[in-house]
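Input: one structure, supplied below.
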Amino acid sequence: MICEIVREAIDVRAIEASVLAPSCGGIVSFCGVVRERADDGREVEGLYYEAHEGMARASFMAIAEEVRATMPEVRLAIVHRVGALSIGEVAVAVVAAAPHRAEAFAAARFAIDALKERSPIWKQERYCDGERVWVENRCSGERQ
Amino acid sequence: MICEIVREAIDVRAIEASVLAPSCGGIVSFCGVVRERADDGREVEGLYYEAHEGMARASFMAIAEEVRATMPEVRLAIVHRVGALSIGEVAVAVVAAAPHRAEAFAAARFAIDALKERSPIWKQERYCDGERVWVENRCSGERQ
Amino acid sequence: MRLFAFARLRELLGERRDVAVADGATVGDLWEALVREEPRLTEFARGTRFARNDRLCSAEVPVRDGDEIALLPPFGGG
Amino acid sequence: MRLFAFARLRELLGERRDVAVADGATVGDLWEALVREEPRLTEFARGTRFARNDRLCSAEVPVRDGDEIALLPPFGGG
């Protein structure tokens, strides 16, 4: 189980390669990517993330442990980047590999939803007009 | 929308790059990978896939069109490889990008389930003991 | 018309062949003729679907000269 | 003890600082003292959670010398 906070670009391929095992028939990768518009339509120049790194890593490990308890065959990685990110860059990657696809999808979806709800990470939207706003996740987990 | 049957290794990164747009905040990639054991535990040396290529491509396009009808913001790619594949190689890749992750997950899951049910593609398991068996998908869509 | 077979049916029948059909013959008639020629097809009757010119069709569809008829065993992609 | 603040709370309070606390003071007492010093904290009272030595804790938990107390605004990761 890879659980990391990183400052540099996330290498999703390397994560996938280390998660995949010969027993795996399906691998699901979710990447959260910086998009050009906020939910309210404002033009975004980039995002800035910060984390309580120790607690964030611990929350990733707790999430991975919950996945292991319910789906022991799943191999999981959770990696979040902090610092300033530009449009199109990967902020978070969740990779789940499993013998069958149902578990891989379920584990990846659970992990990203749980991360957004529980992990002490903060996001500042930096708009093209110069304003900066700290944006909170909705608990519903339905938004990116 | 990328809908392809290919004979060479699937370049999932290139597919993701062409699917991702600045409007996308989440991208989900599913890869079906050749695993070392069949469902009954037999050791697999590799898989062989064949397709009715015209009908398979048409079925991918129909699936993509259904996704577009219900989730117009989703950008989707469906690529299946044919020929002989070894353990760990990617047989099928479904990539879905969307403004928010819920749609990306839903589209990727729908597309791979629909492909397994509807696309005229056939799989032969080639076991280490030399036997070869054509394997059918269960309609439940719960298996890899 | 041209016949295309896939997977285990291809192994029995070959990948493709040209077949002459009688006027008014249906896809089902074609299948019956193939079964007479290759009795091992019988066990695949239930799972096999047909396509005419790249579209799924029923056994009742008539076959015309120039058609491409495909025999499709149960799918296994993904 | 050492205080760590994140996101908008970091912007108001700085990233970290050493704070002397009275014997028997709780995390809630610490927060009250910070609000007296920086009244703009008031509006964040409802959304802020506390952690003591990297674990979420309630406002009733006592603060000891050497503790690390973190002020956590609502999360926004992903």
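Think of it as A, B, C and D in the order they're written, each chain with its own count starting at 1.
The working rule: contacts are C-beta pairs under 8 Å (C-beta built on N, C-alpha and C of every residue); 3 or more make two chains touch, one makes a residue touch a chain.
If you want to know which protein each chain is, UniProt gives these names: A, B = Molybdopterin converting factor, large subunit.
These numbers were taken from a predicted model, which means no experiment stands behind them.
Student: Out of curiosity, which chains are bumping into both chain A and chain D?
Tutor: none
Student: Per the centroid of Cα atoms for each chain, what is the distance between chain C and chain D, given in Å?
Tutor: 74
Student: Hey, how far is the Cα centre of chain B from the one of chain C, in Å?
Tutor: Using C-alpha averages as centres, the distance is 26 Å.
Student: Nearest whole angstrom, what separates the Cα centre of chain A from the Cα centre of chain C?
Tutor: 49
Student: In chain A, what residues contact two or more other chains?
Tutor: 32, 112, 144
Student: Among the residues of chain C, which are close enough to touch at least two other chains?
Tutor: Counting only residues that touch two or more other chains, chain C contributes none.
Student: Pull out all the chain pairs that touch, please.
Tutor: A-B, A-D, B-C
Student: Enumerate the contact residues on chain D facing chain A in the complex.
Tutor: 4, 6-8, 10, 47, 51, 54-55, 70, 72-78
Student: Within their complex, state which residues of chain A touch chain B.
Tutor: Answer in residue numbers: 13, 20, 22-37, 87-88, 97, 99-102, 104-105, 108-109, 112, 142-144.
Student: Which of the residues in chain A end up touching chain D in this complex?
Tutor: Per the touch definition, chain A meets chain D at residues 32, 49-52, 54-56, 58, 80, 91-92, 112, 115-124, 134-137, 144.
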